Amino acid sequence: MAKIRIGIMGAGFIAGVHASVLAGDERVQLAAVYDVVPACAERLAGAYNATAVATTLELLERSDAVFITTPNTQHVSLSIASIGTGKHVFCEKPLATNVADAERVFKKASEARSVFQVGHNRRFAPVYATLKRMLSGTHAPHSAHVKMNRGELLKPEWTGDPEVTGGFLYETPIHMFDMMRFLFGEVESLHAAGSTHEYKEMDDFSVLLRFANGMHATLATAADASWLFPFERIEVFSHHATLVTREMESLTYNTGLEGNFTQQTMQQLPREEKWGYVQEDRAFIDAIVNGSEPLVTALDGLMSVRLVDAVYESVRSKAPVSVSSQL
Amino acid sequence: MAKIRIGIMGAGFIAGVHASVLAGDERVQLAAVYDVVPACAERLAGAYNATAVATTLELLERSDAVFITTPNTQHVSLSIASIGTGKHVFCEKPLATNVADAERVFKKASEARSVFQVGHNRRFAPVYATLKRMLSGTHAPHSAHVKMNRGELLKPEWTGDPEVTGGFLYETPIHMFDMMRFLFGEVESLHAAGSTHEYKEMDDFSVLLRFANGMHATLATAADASWLFPFERIEVFSHHATLVTREMESLTYNTGLEGNFTQQTMQQLPREEKWGYVQEDRAFIDAIVNGSEPLVTALDGLMSVRLVDAVYESVRSKAPVSVSSQL
Amino acid sequence: MAKIRIGIMGAGFIAGVHASVLAGDERVQLAAVYDVVPACAERLAGAYNATAVATTLELLERSDAVFITTPNTQHVSLSIASIGTGKHVFCEKPLATNVADAERVFKKASEARSVFQVGHNRRFAPVYATLKRMLSGTHAPHSAHVKMNRGELLKPEWTGDPEVTGGFLYETPIHMFDMMRFLFGEVESLHAAGSTHEYKEMDDFSVLLRFANGMHATLATAADASWLFPFERIEVFSHHATLVTREMESLTYNTGLEGNFTQQTMQQLPREEKWGYVQEDRAFIDAIVNGSEPLVTALDGLMSVRLVDAVYESVRSKAPVSVSSQL
Amino acid sequence: MAKIRIGIMGAGFIAGVHASVLAGDERVQLAAVYDVVPACAERLAGAYNATAVATTLELLERSDAVFITTPNTQHVSLSIASIGTGKHVFCEKPLATNVADAERVFKKASEARSVFQVGHNRRFAPVYATLKRMLSGTHAPHSAHVKMNRGELLKPEWTGDPEVTGGFLYETPIHMFDMMRFLFGEVESLHAAGSTHEYKEMDDFSVLLRFANGMHATLATAADASWLFPFERIEVFSHHATLVTREMESLTYNTGLEGNFTQQTMQQLPREEKWGYVQEDRAFIDAIVNGSEPLVTALDGLMSVRLVDAVYESVRSKAPVSVSSQL
């Protein structure tokens, strides 16, 4: 069987991660790389015997499936163009940086026959996959606190530029909005406060979330908190138990009425596996090969964008905001 | 100079803590102990060469100052009666278990010339006193996340009886409402979600708080979370820094853009000092001796009650609630 | 039945711990307290309605059982005198501060019909009792590393005076020598290096120990290491498992080939129970009441002294030293 | 200037690490790869546009410098052959798996004009480089405890085969013998106990070490301890201070008499830098380019082998063993 030809649009850090993972999948062949800076495309292509191409059009011609790993604000147009040529698309998160765009991509992806997967890698990270299993089993969640901080918006420099990222919440905390849906279900409404301190955009947020099933949670996220471990932590309060993740390094939980606990540690896993990159890329190729539904859909991408947008709106309006799950 | 005669109303666990602390203060003499169960009064009185008395009236006669360490729902009537006889009063938290009562005590205490202090001990705990100093210095807070969990409402049994506690939030999390005012200033409004799982009252809460000065914070508190350390934790996000307390055991903070950190540990302090009991009792006696304002006033007690009440109201109304700081 | 009258010789910190524990045992009555400083005796006696006495002779007359809680170098003469009058004796660790003395007390105690127990409290601490059970079960120890540090020999001041302590190893690390026998069996030989840095005695030691059963272990102990947690830690390496205690706060262990682990935490226990004081005092009274063998015997006290003595000898001789278990 | 042509002998895991690091150094070119399994050589060569060669002779012809990354027991013959052809040699640890061989390589390397560096990467790891600086400054070491465990000798399988590794101590703990020399100076004598449990060789060791400068230390190392974090830890006891490394993840130290501490964390560094691989390869190329002495010499390699050999001898003889630093 012919190998699936992969094209990569955008040759930055995360492109390199996907390339190295895909290099380990015998069903695919890294065919082409495009970047607005040709030298970047050449460097990545060179490392994997792929062809650096000069235009996204040329890339689409040489590919059966594309990875969109450009800056966030370019995801929409490239996704729509790629779907339009019938290619399978893996689009890095966020799906878009506003709701209208996200809905356009969702609609386009829904009508297409090709696979469309969004890069919410954490669903595949062992620490979160295990937490999900536990919450679906004997540890039904009562409430939760979620934290996702960044140390700064300086390294790399573009992380502090909303023209590139779409805004801090679209770049980093969007992972947690997807995680909350994954773990706790659909959000019904949220209420947020935000403030601006170090950067030219809001960099500290406090959020209250109500879920359709009665769950409730708080989220704290700061872009200027320094890298005090853990910067990413989900604490779920359940039936006489607390379950805590720290980064994607460990899952700790206790049961019963005492403070004893068990910790599952992922620290020995290679980073690409610990963060779920290996598993999400394999899932994408599986979906192509099997003609099956991808595990993170355009709908998931859309809903995360709606949640982020609702936070920004709630901060502006100083009022609670309903979150629609209508399509 | 004559020693200040102390009377203790309510001879349970926290009464024993205060008694043992006061036994180390040469300015006072433990004079009388009252408890609804005479044997309890006798046991505590016996250990400190005090007199077990049969009525609160007799206790007031034998005392210059009283410690009210009864169940929460009796604080109000005993406070008002004690102030009425001109005694200095140390009232354990909460000041009251509803706003109207709290306002009555506040008014009575405001009109009196005697000292009235509320038992928000954490203001005196070294971990929080140090955090306060840091936030007032170079680490102005941007936002915060606060957690205060209990493992269960079973041990002791009365902790699960709202008739005794006034409700879970009045018993344990009220400490954090006082802490937030102490550390971050007055709350302008809050929005809360709550739910009921293991007990006959709401036992899981998620809260969003806006402060008058623009700060914002989230609070998570669960009464059925098991005792996974730390059950009490304040995380403050500041200028490229995070500061975290864990119980009253340690304060960890970093500065700069890396993940390096410094931890101040209080673990070697005796528990009565680590939790601020020694310092708060000394401050109360200082205020009596010096005729000065106590460090935790009836106003502080009132405001904490207003915050707790606002949370319950917000859960009921499913809407944000303004918090008045009017007197 | 008449209560057992307890006399306490030496009214310092640890005497206060035992007094408060004994006050909770209905089978005993705190009868008399002696201290070389009468005011100390009076303070402790006063707190427990006991009589402060002027001589140890008077104390023995008023007691059925005595607690010897004086400075280490006085344990021997007081033990022998107390046994001589037929009293039950609880002697704090160390039994003696040299082997000849320890053997004299051992002989005297062996010939007596009264109970003689040595204050190696850690055998009763839940963390070590649990570890012992695990090592006796499926986790047979292969080798171990033991650490017991002090931060300094300044607080209290006498801890730095070998005239009072008999030497650093007799004061603090002797606990670990008893622990190693308790957990791993008899030591056959040991080899030690020592050095002097901050104090007028050797304050840093490294020790290799071989056990009769083939186990081997290393011990590191420093008197000038500062109080970096944990200062007391036993790590046991077993069948594809590591078991670690940290202070008497927690026991952590894993099994299998991964890094996952379970932690039992004792942090919520009251300190007197966490450190085994409650249990060891109860065991002493049980032995008196039941006429049974105490759980920590004069032989245990003697063997710990032999081990400490062997370390000092090995440092002097720069050679391995055999440790006799002959009586 | 012509690029330095690099040949890699042995295309396993660690070869891949060096290849990826060298790919980032513009002064070199990965020229040739040899492996006893041609497919392995081809895979590695293919990833870096190098040539897979059929013999080590061919590899030497195509290279200016070679990396010896074969199984331990082949290091000696390949080192000697490579030095013999005038090539610069980077030999992975251990230099050899017995003293006689190590001395032969040392002699050969000493007589050559080319660079010879041994792969004791930890000297370059930031955590250890920082510790070294602190110990050389105000934190002169008094004594130390060193631990280096493995979870098992099963993954990969060859780690349990002494024919391949030369024995467990030659494979993993040899890192710590080099570290102790690096941090504390030359070892004068040591005394070790060892035992055999899970594998066909000794898998648990306890060691006492005396250094020429009066320092002393203990070392615990087990091959069957499971992967309980941290498996690699150096604790140094200094002037009222303790300094602790955990893996190559963090360095924690306190000063003064309290338990407060500072932690430097390396967790955000890429693994190749955190473990010192990037720095050691750069240092090797620097030495070639500058004609300077490498930072880890054949002498360092020899001394580590002598220390490991002394441990095995001490276990056999059940006696202390002197360690010569004579050449």
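Per-chain residue numbering starts at 1, and chain names A, B, C and D are given in the order in which the chains are listed.
Keep in mind that, in the parts below, contacts are C-beta pairs under 8 Å (C-beta built on N, C-alpha and C of every residue); 3 or more make two chains touch, one makes a residue touch a chain.
If you're wondering where the values come from, they're calculated on a predicted model, not measured in any experiment.
Using the contact threshold fixed earlier, the set of chains in contact with both subunit B and subunit D is A, C. Of the two chain pairs examined here, A-B and A-D, the one linked by more C-beta pairs in contact is A-B. We define each chain's centre as the mean of its Cα atoms; on that basis subunit A and subunit D are separated by 39 Å. Counting only residues that touch two or more partner chains, subunit C has 227, 229, 258-259, 261, 265, 267-268. Per the touch definition, subunit A reaches subunit B in the complex via residues 142-145, 147, 149, 151-152, 154-155, 191-195, 197-198, 203-210, 214-220, 222, 224-229, 235, 237, 239-242, 244, 252-259, 261, 319-320. Against subunit A, the residues of subunit D that register as touching in their complex are 47, 227, 229, 265, 267-268, 271.
Across the complex, subunit A is touched by residues 258-265, 267-268 of subunit C.
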